[in-house]
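Taking it in order: structure first as structure tokens, then the write-up.
Labels A, B, C and D are assigned to the chains in the order they are written; within every chain, residues are numbered from 1.
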């Protein structure tokens, strides 16, 4: 097992390197002089020079890259010009809301997606399967921010049950926290759930056609045992892959949802940094998110080994 | 050999019909998903092309006195806070969404096919390309697009570049996995045995067998691109106002949602119809073009 | 049978000596390198117009050998001579005309044809690869080939999915014949076909051998099929050639214990002849760590001490009957 | 006391709905299997032998639009009408089935021990520990070396031969009265096949079990079966004891099959006998006798009227209008 773990971790290093390079290049694509873009036209020459020096813009690009990487390894993600604090601190402040939003959305998604997907696969061709397919199709066709707007229109404006926007950290009471997060989590969870549900159904259908399922039926096992013991565990491997890969769309969705519901999360931080041209913050947060994605997929890889013995024992 | 699986091994060509196109058409029209999908997509494309004929108003012309009028016979979708006709802006907005979507699909399909094919065929290249691919896929689509647009500035061409960079890895990964299964087929080994050179193997044998999955993947990429473009404009990072795009119309409507419900409903509906049409078409094409999966899904 | 008398004098069309193929397997970064020893110093000679049958159970390395002969797989060591010329280390360019004369047909007819290409074009493709004659003539050549393999001209622009397994094998044969080859490796060509179709293809193979003066290396695991079509037969076990003889000699008095066990295990379609079977115990050992000495000794009913130590060498026991076994020499 | 067979299939008809419309894969098949007897169901691809075996335990996907008519009696119980619960009581307990491809017939993510114990706990209500012991006992019975270690192995760690032994252990752990074996040795090498066939015959004697063996290999039939049913395009064309079938076959298809197989001894002729043409598709079943298009003896009567299964001797039936003219003393077959 250890060998497998080590192999997976080692294979991540080049990916993380690519993530860092891509992240660095994007920000340095800015045509023209970033200093004047940040400070605006009326900045004096000497202010521009100080900023350029501070950003290290006068150094050749590869030197700045290695300096940046050096800083990264010591946990220094750069400095926010706008908020005048280290990027790591800015990220830490905004991490809480995004974490609870994405976790809640993912839980909603998985809780609905997997049972529905399995049931639809089990009753393929019946009306239940058709309605499932239609809802799942709608789910991936509705932009999450539009769902958000409509939820606000209904629950906040018309019925006034829930606050239209804003955020309450857990410290101000769990119920309060939920009140603010339930609508954003639903609007984010629908697309995510639809994606996972469709994958669950097709993966289950694939597995239900396998020979060992027929063997299980030939042994006289009850249908639910065949489905939930024999089929689901095999179907779970591709489902896990989708959950791992869809983490990226989840975070992407979170960025938009936070803007709709005015939640001070990482997404909001990035959007504001873009509008304020706060490059170092954009660079740092985008890097953190990409690194989190790589970590999540490593965990998914390790779960494979737990579920599928062939991965654990890949001797010859 | 007798296959114990239930599929009937018809040992004689079933309907040795001469017109393969006719057979393909029959199967297409029999597929409800593909037909309904293509109807919706065709409908939106027509709106895109015939935009000037559909409305007499100019999408940018402001008439302050008609500010925030509800939907009426003169303004089907009502007017926005500057008195511009929302129906006209939504109709012209379709050009942005479909334009961006289509160009992203063309770019990602071509580049994705190249990356996928060559990384599947040349093992040494594979490792290098796949690491870049995994690296790029680590960035959520919207974030990568936002970062690129922040650097290059919010122009429609930049939006297309940003979205292409975001979706090339997805296409490349899909094509690579198909190309690898094709490369393991015996007819590829046969062409090697016949002295066929690499270009012949790649372009005359592997590529044609990757087209169906490419078409299916492209349809879904089109849908993702439309949604992501709308999200970008909604965040104010995509197509800059006053140019009408569904995303920024929705953004304008967001703050005055209580008074002017029509400003958020209609652009949202158009996004949904377009993306739903594309997803339907994608599902339908996957059943038609990918015999393996449609046997399992039947 | 035709070849009984004169074959030994002529230069062999194909000569393979001490062919070895070890596939490295990647185990973690720290364990030492391990190899699947698929083929170990395999040698044979095949003469013009002859059908050499290579038989053995799955995993014995017969297909790997066939692919190494055609240089579809690079041998770890050993040499392949075609018409006296050593092609083992030929570059792709030099291999081209050798490739023209040496063709291969496969076991699985369902994946041997490109599903997106009409069969007429598929058969014509080798002609354009080796640019034989004008493109205009290709269609006519293909139509002749279709008739020769028992198909109709109107099949020209059909797609592979419209044909049965047997018909596809005929198309694969036509494609191999398109370049007028001298030598064809038939890798289990009838194993995936039904019995009645099998006999049609075997008869076709023999007919084509006469019409085109072809030489076959016929690889299969079905002993009765190999017996029917081969002039000489080689028996392989775990990458080693254990016995080789003219067909009648091998089947009437097999010398190697494994060949005898193999022949006794074949169920005969005749209830009266339910003979006493030599049932080999246990399983075929893994090709990664081969048994020392004779690879068959762990399962051999008559294994003696030397079998466990010394690797037996193929010895001549009579006209062309060679066997690698300590007990027999 | 009238003799009651272990299994009796009467006029079984199995139809599927496919993209190109209804297809009858098994069209009016009737046969019996007794305890201790091995009946062979032989034929080429698409003849319906596998579908027949699957119909007995109704092992078709729920929504595949499969329709089964006719009657199947097993120990005085009619299976086609019995409820799913009743059928599940019988599956793996009174009637067991083993399949062709050992590589994909075992669940890759559970140990072989777990998959065998599952049947024991279900049908014999054994505790986990008792089931584990019985499982090891079964693995020893089917000849798997060091069963106490193998019981915790996963399928991908075993060879094809070993997996087929596990399948047999799984099938026989509840002492079923009938074993249906669908091409059990087709995917195995000939030396391993010999071991598996011997094992099945030994276990049959010990458990006084009936075996329905589905195969396309006439050698295996001759080696193992007592009675044989030859199937062609969904119908039984000849039924006989194994001796009669090989000495005095009466149906042109059976004869054609036997003559087109190369043998391990006997004369090495130049050309093998060939059955002309190819098996017609189930969507275009010929009018009259289904073998007529490929039969050298076919005449107008054969092309117009489908023959019934005539009883020409005790336990010897043939579906052919011209059966008297065929075989020993009758029309000699070409090739």
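The rule we apply is simple: a residue touches a chain if its C-beta (ideal position, glycine included) is under 8 Å from a C-beta of that chain, and two chains touch if they have at least 3 such contacts.
Model, not experiment: these values are computed from the prediction.
Show me the overlap between the contact partners of chain B and those of chain D.
A, C
What is the chain whose Cα centroid lies farthest from the Cα centroid of chain C?
A
Please state whether B-C or A-B has more C-beta contact pairs across its interface.
More C-beta contacts join the chains of A-B.
Cα centroid separation between chain B and chain C, in whole Å?
Result: the chain centres lie 49 Å from each other.
What whole-Å value do you get for the distance between chain A and chain B if each is reduced to the mean of its CA atoms?
21
So the centre of each chain is just the mean of its C-alpha atoms; given that, what is the distance between chain A and chain D in Å?
Once rounded, the distance between the two centres reads 53 Å.
Give, as an integer number of Å, the spacing between the C-alpha centres of chain D and chain C.
That pair's centroid distance is 32 Å.
Where in chain A do residues touch two or more other chains at once?
Correct list: 124-125, 209, 211.
Chain C: which residues touch two or more other chains?
164, 166, 194, in rising order.
Send over the residues of chain B in touch with two or more other chains.
1, 11-12, 14
Can you tell me which positions in chain C touch chain B when the two form their complex?
Going through chain C, the ones touching chain B are 70, 72, 95-96, 99-100, 103-104, 106, 108, 111-117, 125-126, 129-130, 158-159, 162-166, 172, 175, 179, 191-194.
Under the definition above, what is the set of chain A residues touching chain B in their complex?
Residues in contact with chain B: 14-19, 21-23, 26-31, 124-125, 137-138, 140-143, 145-146, 149-150, 152-153, 157, 202, 205-206, 209, 211, 245, 248-253, 255-256, 259-260, 270-271, 274-275, 277, 279, 282-283, 286, 289-291, 293-294.
Inside the complex, what are the residues of chain B that reach chain C?
1, 11-14, 16, 20, 185-187, 189-196, 200, 205, 208-209, 211
Report the residues of chain D in contact with chain C in the complex, numbered from low to high.
Touch residues, chain D against chain C: 44-45, 145, 159, 161-162, 189-195, 197-198, 216-224, 242-243, 246, 256-258, 260-265, 268, 270-275, 278-279.
Within their complex, state which residues of chain A touch chain D.
By the definition above, chain A touches chain D via 123-126, 208-212, 214-223, 230, 233-234, 307-310, 313.
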